[in-house]
Amino acid sequence: MVQSMPDVSPTKWHLAHTTWFFETFVLERFAPGYTSFDPSYRYLFNSYYNAVGERHPRPERGLLSRPPLDEVLAYRARITSDVEELLASGTPADADDLVELGIHHEQQHQELILTDVKHVFSRSPLRPAYAPHAAAVGAESPSLSWIAFPGGLRTIGHPGQGFHYDNEAPRHRVFLQAFELASRAVTCGEYLGFVADGGYARSELWLSDGWDAVQRNRWNAPLYWECRDGEWWAHTLSGMRPVDRAEPVCHVSYYEADAFARWSGARLPFEAEWEAASASVSLDGNFVESGAFHPRPARGSGLQQMFGDVWEWTASAYSPYPGFRPEGGAVGEYNGKFMVNQLVLRGGSCATPASHIRRTYRNFFPAEARWQFSGIRLAR
Amino acid sequence: MVQSMPDVSPTKWHLAHTTWFFETFVLERFAPGYTSFDPSYRYLFNSYYNAVGERHPRPERGLLSRPPLDEVLAYRARITSDVEELLASGTPADADDLVELGIHHEQQHQELILTDVKHVFSRSPLRPAYAPHAAAVGAESPSLSWIAFPGGLRTIGHPGQGFHYDNEAPRHRVFLQAFELASRAVTCGEYLGFVADGGYARSELWLSDGWDAVQRNRWNAPLYWECRDGEWWAHTLSGMRPVDRAEPVCHVSYYEADAFARWSGARLPFEAEWEAASASVSLDGNFVESGAFHPRPARGSGLQQMFGDVWEWTASAYSPYPGFRPEGGAVGEYNGKFMVNQLVLRGGSCATPASHIRRTYRNFFPAEARWQFSGIRLAR
Amino acid sequence: MVQSMPDVSPTKWHLAHTTWFFETFVLERFAPGYTSFDPSYRYLFNSYYNAVGERHPRPERGLLSRPPLDEVLAYRARITSDVEELLASGTPADADDLVELGIHHEQQHQELILTDVKHVFSRSPLRPAYAPHAAAVGAESPSLSWIAFPGGLRTIGHPGQGFHYDNEAPRHRVFLQAFELASRAVTCGEYLGFVADGGYARSELWLSDGWDAVQRNRWNAPLYWECRDGEWWAHTLSGMRPVDRAEPVCHVSYYEADAFARWSGARLPFEAEWEAASASVSLDGNFVESGAFHPRPARGSGLQQMFGDVWEWTASAYSPYPGFRPEGGAVGEYNGKFMVNQLVLRGGSCATPASHIRRTYRNFFPAEARWQFSGIRLAR
Amino acid sequence: MVQSMPDVSPTKWHLAHTTWFFETFVLERFAPGYTSFDPSYRYLFNSYYNAVGERHPRPERGLLSRPPLDEVLAYRARITSDVEELLASGTPADADDLVELGIHHEQQHQELILTDVKHVFSRSPLRPAYAPHAAAVGAESPSLSWIAFPGGLRTIGHPGQGFHYDNEAPRHRVFLQAFELASRAVTCGEYLGFVADGGYARSELWLSDGWDAVQRNRWNAPLYWECRDGEWWAHTLSGMRPVDRAEPVCHVSYYEADAFARWSGARLPFEAEWEAASASVSLDGNFVESGAFHPRPARGSGLQQMFGDVWEWTASAYSPYPGFRPEGGAVGEYNGKFMVNQLVLRGGSCATPASHIRRTYRNFFPAEARWQFSGIRLAR
């Protein structure tokens, strides 16, 4: 029930909000004679859909001692059952589409529940663990190499068949210069080199806003890292552990990703480069189903870790694709309203459900956000 | 577990903190070979005793999802049993005194639990109730009259026998001008006259800081009042109810009490006046034991409602009495550290345990505080 | 000497800072045996060049009562004379380049002096005027039409000959979809339609961050507009004047430009579209040399007002071009450090020196900035 | 023209505001057919007199580039001449009283001009000096002794004859316990002992609010002190000088005065004690007329430095005397509106005009204020 910062929502709220989505966009619209479970929920569990009406302020979600968890679980059971009944009764294609959207929406909140619980636990002096520590898969990471991709006209964006968010469309042509991508994500070991080299104290490595964030927040390492007697430890969903040099670094902001890239003599990829490159690899990776709840060292050769482990910051601002049209109605507020002051991240993380990700998937967060499993892929 | 503003603490925290007081000041000091229930509690449940060590930041008490309630209740059971055992074994007078202090400390937190729960519930759109509404005792309040008291040398402060806080001593002489006290507390009906007369919009009625607070907080009525279709309602521990004109007004700041007094052509009493006058009445009143959890209309004649119902703001800043000496050790931080920027309130409220109050009792809050059961007694 | 908000600098500071640029980057590096005018100026008049050393905090520039204006003018005279002497003595190409950069840098500050003075004057209850009001050039504006441009591969960015900022290079290919640009900037009359239609109260028209800005800042019109007895007036560099419906609207944020475009059923142009389209028109326009210090109604036909009058917000985030390389040394901090959280504006304004603008010129400001002469060109 | 913090006003503003006082309260009321110098001044140069109408916000006084200094000086000349003419013409007693009040009001602002200029200069990296350094009068200070005063009934407050502020009346009886006052103000040398003993790092020495202020503001010495290479220097109105151990310490907050007293095993005097004790000494001291603009070491024996040098923090909250009645009309806002959240200071300082001070004079500032010449007198 705890909200440790405005970006974080209590787990109970996530459970109710994802249910609210089905109630509001599916049942209220398509179930004949539907009566709401509790009219106050329309207000309490709305997130940012202005078109649906007033909503409870985000930073005050932690104040909701009522309804208690039992009631929220009853709400979920009732709505799930009502939706199943509706689907069984034969529904219009519109309703099917909204149910599918609701499922993908819930998958996003499954990831947020993990990142939010991780943040909440990090603020407790007792540092609770969410899950036991899974045995490490590989003790070393392959050395970093560069994979070359030719320039020219490419087509990116979702082709339209099958589920996708509106922000992935329309599919369109872009012109790319030739580029190279790093074979794997940046490791904690490599990032420790940046830290040891005074990375957080050298203004010339940072964007101006990034340098301000470093000063203001007194950052000297990724979120959740702590230096104890000269050794770096990290808070994880399995409790405090020594930083593993072979694992991908995560919980870095865009500013840190950008500064690390500059320090490395490289840069971050543009999202079109990333998407073009991703065509060459399968959609496999360390997703939430692995039960690790933490990124793992890379394995194999060629282009690795494009999917899962850590969301990869790109150098692309989150903007509409040419010809972008938001969905109609309130669900049109899902993506388009956020197309400013955010950066695109690609590929999913160790907290993302495997069936949720796509090559064309565009995640987005402000440059200062660190509580997601966000990491670094270099380009040049 | 909710913390709705920095001044409010979660109930679970109150339960643990009052127990921590006994563990820290009684058991750790007097129980031979005592081992702490959980060493982290020393940090988690300290409130402001710097001498005891570092403490968890007050505004983050709402983040403590751990320890869970069960564990806190087990903590209470274990400490209570240990203290009982210690007392049974024959203890030095010092220990007895600290146990007695711990009991009075816990009584203060019993009152805070009620005022804090009231605040938390007020922030929930569902407006839960803590207790059923007790039937009103009297539909009208006696008309206000003035009781005269002569000037001259008086002696105030606690004489020293029996339990009292250090801030009530030493007993000392003060010179008072002749004064009059209102026979009862200001009622909601009287306060509605101030509201209707534009009281919140007339700067000449307010202290400069008070006028700032009105503007900054957009106050237009006491805390918890809401105007619905032209009628004033109030959030109470029994839910939303229409404002009862006969009841004492409560949840007003010092600024509002002072402005109301100025509007009335009167003033607030000094604490020495209040204490001198209180000698003429018994210690009875509407305390927490009545189960009303709300102030009730005055009854009878003469000087009424001096005890219980609402804490009465005085015009006296909370300062040390001449010759004041704080208790030795960490418990000396109990009162003396707060002797600036606060005003004295007298008489206890409908949330105060009856055995907690004394004629010499000095409660204190900043001028802007409104979440206590604070009301107004006029003087002239 | 006044600083009315952190973004604004006092005129005296601009005068000294532009001189500091020549002293620091030209004289200290190329003038043999150069001794600084006053060593404290290196600290006082640095703006954001971390590589040059510590600097006086931006929001405190208004505290600099010393050095007085006389001394700053003496500083300017001495540095100008020293630079002239250096140039006359025959300098390496590097020095010539930095002198040229310094001149363009000073032109930017000439524009800022005007926008900053305008803001300072707007905060004075006396509303002083900077210059007399120039007679209006045209009472009406031509009706808006759409100019079509074909899609395909285009080349944008500066070709490299002649002066340009590092952020305009390298020249590179982009693929554009076919698009249309509005023939002229949006007028105050058109914007009044948006205001009258409740534009500032309809969340569905706004980006999420934009809606927050509207609420937080209580925006209900462009910066400097005031409603007096039902009529809109605007603070200008010639004092308060009724809003002229034929003039381009200015002092709007990106959020307002974007919301207006959405309300119009159109969108903002991408910077590549803007640059491609600009090839068809000459570099003429209402620049600072006109003496109007204010945008003027469009005239003529075809694509109008691409240059001068108002900076035009584009939908493009300010990002590095593919292959971008910042200048070496401290002047490399000029542009590259700001490539996040800003949007590109194009075309110059009525406060821009005519010789300062280029088709490839990329100005940039955060989405919330309004004190520049920023306006709206629609696309679709 | 600079405003370095909200509490500080530009000198130009002080000059205009003191003139505004005469115009508003004397000329507008008593000069037949008076026409205002400039109607906008009524708004611009009002300070906090709500009854006079709206006023320019205090923190924005530094934005007033207009009217320029010349015009303000012309305003002063014209109002002075008008008041002289009015007085020469024979005026009612009311007008005479208000002129006298206006003169005392202006004396207060003379002191503020010095303290405000001192603060402004301290924020300039150039650290300008206001006046040359006067030669030190005495190199040593007499050792501190204690002067005893008996307890009993005393009468304090102004007796009513001659000019005084409303807050000094009515004269009334108070009962005092026997007490002792330190023979002189605390010196920098003594205060350095507190600093060296870790005074700023020992929470047990501080009031709770004081400890918060120390943490929040990172105080480690009085305002204007700087440690350079292990030596303490202080910014003065004659520029930076090494801290003189013999001088009274000044620019300390109430919190620091209180913590120092606790560290010394003493306390601060109550204002009634101070006033009773002051009867034994003459009104002489180091006032602004000395030209030192800085406190000087004590000289002589017995009770020294009661007047001049530094304002002495008392332990008394600024409250109304029993029977206090504010002046009628807008000038009634002069004092009474501030009677909460402030402490009384006594005795005047090196920036106070000698003719301004009285034994009954009650100055008042919030506990955190440090930019006045405020120092420490111990009591016990």
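The letters A, B, C and D name the chains in turn, as written, and every chain counts its residues from 1.
Please note the rule applied: contacts are C-beta pairs under 8 Å (C-beta built on N, C-alpha and C of every residue); 3 or more make two chains touch, one makes a residue touch a chain.
Being a predicted model, the structure only gives us computed values, none of them experimental.
Counted as hops between touching chains, the shortest connection from subunit B to subunit C is 2. In terms of the distance between Cα centroids, subunit B is separated most widely from C.
Overlaying the C-alpha trace of subunit B on that of subunit D calls for a turn of 180°, given as a multiple of 5.
Taking the mean of the C-alpha atoms as each chain's centre, subunit A and subunit C sit 35 Å apart.
Chain centres here are Cα means. That of subunit A falls 57 Å from that of subunit D.
Inter-chain centre distance (subunit A to subunit B, centres taken as mean C-alpha positions): 47 Å.
For subunit D, residues touching at least two other chains: there are none.
Pairs of chains meeting the touch criterion are A-B, A-C, B-D, C-D. Contacts from subunit A toward subunit B in the complex involve residues 1-4, 40, 43-44, 56, 60, 62-67, 120-121, 123-126, 128. Within the complex, the subunit A residues that touch subunit C are 48, 50-51, 153, 172-177, 203-204, 206-211, 254-255, 258, 267, 270, 315-317, 319-320, 322-323, 333, 337-341, 343, 367.
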